[in-house]
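Heads up, the next two complexes both have chain A, just with different partners, chain B and then chain C.
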Partner chain A sequence: MSLFLQQIINGLTLGSIYGLVALGLTLVYGILHIPNFAHGALYMVGAFMSYFFMVDLGAHYWIAMAGSAAVVAVLAILCERLVFHPLRHSPPIHDKIAAIGILLFLEAVVQMFWGSDFRRMSSPFTGILNFDGLIIPEQRLLIIAGAFVLVVALQLFLRKTMTGATIIAMAQNRDGAFLVGIDANRVAMMTFAISGMLAAFAATLYAPINLVYPAMGHLVIMKAFVIIILGGMGSVPGAIVGGMIIGFAEALGGFYISTSYKDIIAFGLLVLILSVRPQGLFAKGAH
Partner chain B sequence: MKIAKKLGRAVAAATLGMSLSVGAMAGEVSIGFTGPLSGGAALYGENTLSGLRMAVAEINAAGGFDLNGEKTTINLIPLDDRYSPAQAATNAKRLKQESNVSAVFVPHSGGIFALQDFNEKDNFLVMAYSSVPSITEKGNSLTVRIPPTFDGYVKAFTDYALEHQGNKLGMGGATHEYAKIWSSMVKKEWESKGGEVVADTPMDYNKSADFFTGVSRIIAENPDVMFVGGASEPTGLVVQQARQMGFQGGFIVMDQAKIDEVAQVAGGLDMVEGAIGVVPLSVYETPAAQDFIKRYQAEYDKMPGSEAAYNYLALHALVEAMDATESTDPKTIRAAIGDALKNMDDSKNPYEVTEVTENGGFVTETTLAVVKDGEIVQVEID
Partner chain C sequence: MFKFASLLMTPAAKYLMLAFAVLFPLVAANEYQVYVMATAFVWAIAVYGLNIITGFCGQLNLAHGGFFAIGAYTLGLLTADYGWSFWPAFVGALVMTAVLGFLVGIVSLRLKEHYFAIFTLCVGFIIYLLIDKWEELTHGAIGVRDIDAPYGFGLVDFTETTPFYYLVLAFLVFAIWFMGRLSKSLLGRTFIAIRNGDELAQSLGINLMRNKVLAFVLSTTYAGLAGALYAGMVRFIGPDAANIQHTFDMITYLLVGGIGTIMGPLLGTVGIVWITQSLQFLEEYRMIIFGPLLVLLVIFFPRGITGSFLTWMHRKSQALAPAKKRQERKVDTAQNREAESNA
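Take a look at the complex of A and B:
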């Protein structure tokens, strides 16, 4: 039984990280209809920033996380202002090429400053809880709790505040939003900032049980794209549920079937769900 | 008309300049490198390259070597292949055509096999840094294998583990080609010696974001020994997670991972107690090795691994062979590399390799290290 619960915990941890990364991706897509391939690079920069604040400047874990979120948010806004905004009247393919360009650029910059070494970043939560054979390292518990808090906070922001409502309005109907006087620039910048912050939070939560290196974003961004396609492009609940589906498929499939097949299981699920619901689980209509 | 004339003159001058600069490069020999310099394996590629760079810097700082009475310097041309065999092949073609290199260093088996398809025809030496036995077994006449083959390790490691740690093995190897060959040899060896393989859960050390699932699957079978290994750092994560889940036994560590680097990630040597692996360079006590470590640290400010040291000595041997034969012809160098290793100054040979097999493999003693009471100890192999 504890083995099964162990896999549930693993699935929750993975699902939380995937979900947070996918959330940022889906928010940007929902509003600007840009598949932001550079999102994985923002995630990576988030981890490096936390590493920088913690190891080089000696800041506390939480402060490092906040600092990293701020830096990545600014970076995301810069991406929007300098790259995506000038391209707003271009064909969609230009956005995609630009996104890949940002991805390569950020990776090269980080590699230039920090080199390609694998780094370890330790958080203050290194203890291991043992419930009668069920082993949960504290950091993993923190990931699950952290993701939950962030998702709730994001929901409250989107549903209960005026600024959040403008984002939703833009996602629902662009023209309608313009007609009631919503400032598209402001919403676009804010969306990018939120997506960058989520990526930085996810990276900082996950980094202590993983390695920090310039190519670390590749692993999660692939999954995040699968998740937002699965959950419906632009759908917030879709990203969360999709993240959990992939996380659990990897954990349970990897344990009970085979670790070599865990990706096949995840992608098999994608095929299955898309053949029943081509628009994804939660999208109202295909874009 | 005037403009056309001016243009013509400019072109003529440029061409002349170009031919002049080619002339100026006469006292220079190009050596190629293709390996991962970006992406997930970038660190490995850069470590390999650092050894080569250090050797080149030493040779050039001394004014180069003597080639037919002319002082000749080395021009090392590194190209990035992101670990892809196809890209390695393209790079090698380019190195040969653009720079006429006589040798190309490649640090991964996929790339090596790709280059071996055409290196004899295109006439360049493959300096192979990989322990896969079939690299030299195929009989390619222009291949030099730098590290020892791993079949010796497989035998020694399994012998030690069976004798000291128990006979239930949990396999947590990796899914890349090199690791698959290693795993299958370990499994065969283990079972032929009467051991039992209780779990076989290969994990994707390069692409997986998390190993908890795979590790818990192995631990659930209660093994005495775990086989692990990919690059050192992810291997460290696997080891750490195994310990977190309460695993008490030993580890057989594939030679790609170095025990000291694994320990760094896993959280100290206590975490890797009972690990069996290759002897990390840092533990070598020979003056040649210690001297190399000192110079490397002065240059790069970190502990060198075997990939730096092996490639360092291989490049020195290569140039020594050019020097001795007064030639850059790959066949001639290949034939002379054994003597070059013997005659080379000790400071250039941290592993004290003195021989090359007929197939082109450097002969190095198989070594084994084990972590005992929080220390890496070298163990004699009988």
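Take a look at the complex of A and C:
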């Protein structure tokens, strides 16, 4: 039983991280209809920025996290301004190729500065809590709590503030949003900034129980894509639910079926679901 | 300038290029250069495959590198583990990639645009994971050793670099010839119609699914062909052959050369392979240059070298036309039409 609970905790941890990354991806997709393949690179840069602030500048974990979120937000805004904005009238295939270009560039730059070695990032939360045989490392609790706080904060921002409402409005109806005078450029930049920040938070939360290396974004971004397809592209609740589904499937599948094939589970699930329902699990209709 | 440029459009230019390719091993400074050229040609064949599904049919297939690896592994495993000789295994590799391409195609092509790209990205990754983890079949991370070189029927020894170069060249010429025929055929035009819009194509009575699957199978077979040749040349393959990086590389080659053109894949691949070769330090950091290059290309020159050249030629000839006699204009536009259908 306690082994099962352990897997539940693992599933929650993984699901929180995947959910945060997928949230950023789905927000950008909802607004601009771009599948941002570079999102995984932003996640990776987020981890390296935190690493840089902590190890090279000696900053505290929280300060490193805030600094990394700020850097990645600026980077995401630059991507929007310099790449996706000029491509807004191009055929969709161009956006995808450009996003791949950004991904390759960011990875190469990080590799140039830090090399392709695997690095360990420490965290001040190294304790282990023991609940009657159920062992939970503090960092995992922090991940779950952190993701919860971020999701609630995002929801409040989107629902309760005027600026948040403009993002929702544009996702719902682009032309309608223009008609009531919403500034598309502002919304696009803000969405990219939020998505970049979420990626940086997720990376900084997850890095201490994982490793930091230039290719770390690959698997995460692909799973995030699986999640937003499951949850419906552009749907915020869908990204969170989808993240949890994949997180639990991986934790339980990795434990009860096979550890070496656990990464295939998410993709196998996607292939299976899309074979039956080409428009996604919760989507009302394909775009 | 224009006159010189229009020479490039004549058939003579193609034969000149072919002659250069045939003579290349004689003028090359050393065997290594021949080897690099042969590698470039192998990749070019795979890029032609990507051009069919992505350039002509408009579906961004991110599993292309995976099918390349399947071709290479099929050939490698059949010759190294199951004792097949090269040519039957070669045919086996083509059949394998075609069949798997068909199976993946009928599932993935029901999806549109972004969904298709993401789905194939995942398929590519599944292929990589299977190759890496399924140790009983693929030897996992150790890779496959002792792959047979092509059997020369006692006439040629394909373990030598230069004979192998000519073998690859022969396949490349066939691949380009087939591509040229395809682009002029009804089937090629059908693919282009699909690229221009699903609904429009469907309203013309085109069976979307059947044509898309056909384009997909053709493209994966090209990838399998290239993969099998690669395995026969390097004679060792590891899971890295299925790395997504190869797919990204091929997209770069295709885009630089000119997506949806006949000569684009060749020019892009050979050009970039030589640039990275001559700047060795670039090998590891090449993406610092090629990443932004991809972005700049899709923003400013989405049709690549070949496409931009053809557009320029077209405009130029349009501008010159009124000054000439009517008769000449007729010839001119006929040429343009041909040039455009080539594009």
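Assume the second predicted complex is superposed on the first by the 263 of 287 C-alpha atoms of A that agree within 3 Å, B and C clash if a C-alpha of one lies under 4 Å from a C-alpha of the other, contacts with A are read in each partner's own complex, and residues count from 1 in each chain.
As a convention for this text, a residue touches a chain if its C-beta (ideal position, glycine included) is under 8 Å from a C-beta of that chain, and two chains touch if they have at least 3 such contacts.
Predicted, not measured: the structure shown is a model, and the values here were computed from it.
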For A:Leu103, is the partner it touches chain B (first), chain C (second), both, or none of the two (neither)?
second
In the superposed arrangement, does A:Ile144 touch chain B (first), chain C (second), both or neither?
neither
Taking the superposition as given, does A:Ser260 touch the first partner, chain B, the second, chain C, both, or neither?
both
Under the stated touch criterion, which partner chain does A:Leu87 make contact with: chain B (first), chain C (second), both, or neither?
second
What is the contact status of A:Gln6 with respect to chain B (first) and chain C (second): first, second, both, or neither?
first
Between chain B (first) and chain C (second), which does A:Glu250 come into contact with in this model arrangement: first, second, both, or neither?
first
Please work out whether A:Ala165 is in contact with chain B alone, chain C alone, both, or neither, and reply first, second, both or neither.
neither
Of chain B and chain C, which one touches more residues of chain A?
C
Partner chain(s) touched by A:Met112 [first = chain B, second = chain C, both, neither]
second
First, second, both or neither for A:His218, with chain B first and chain C second:
both
Residues of chain A that lie at the interface with chain B and also at the interface with chain C:
107-108, 111, 218-219, 260, 263
Touching residues of chain C toward chain A in the complex: what are they?
54, 58, 60, 107-108, 110-115, 117-119, 121-123, 125-126, 129-130, 133, 244, 248, 251, 255, 284-288, 290-295, 298-299, 302
Chain A - residues contacting chain C, complex
29, 33, 35, 37, 82-83, 86-87, 90-94, 96-98, 100-109, 111-112, 218-219, 222, 225-226, 229, 233, 260-261, 263-264, 267-268, 270-271, 274-275, 278, 280, 286-287
Per the touch rule above, chain B residues touching chain A in the complex are 37-40, 42-43, 46, 175, 201-204, 207-210, 212-214, 216-217, 220, 231, 233-234, 237, 244-246, 264-265
Flag every residue of chain A that touches chain B in the complex, lowest number first.
3, 6-7, 10, 13-14, 17, 107-108, 111, 115-118, 120, 128, 135, 137, 209-211, 213-215, 218-220, 223, 250-251, 254-255, 258-260, 262-263
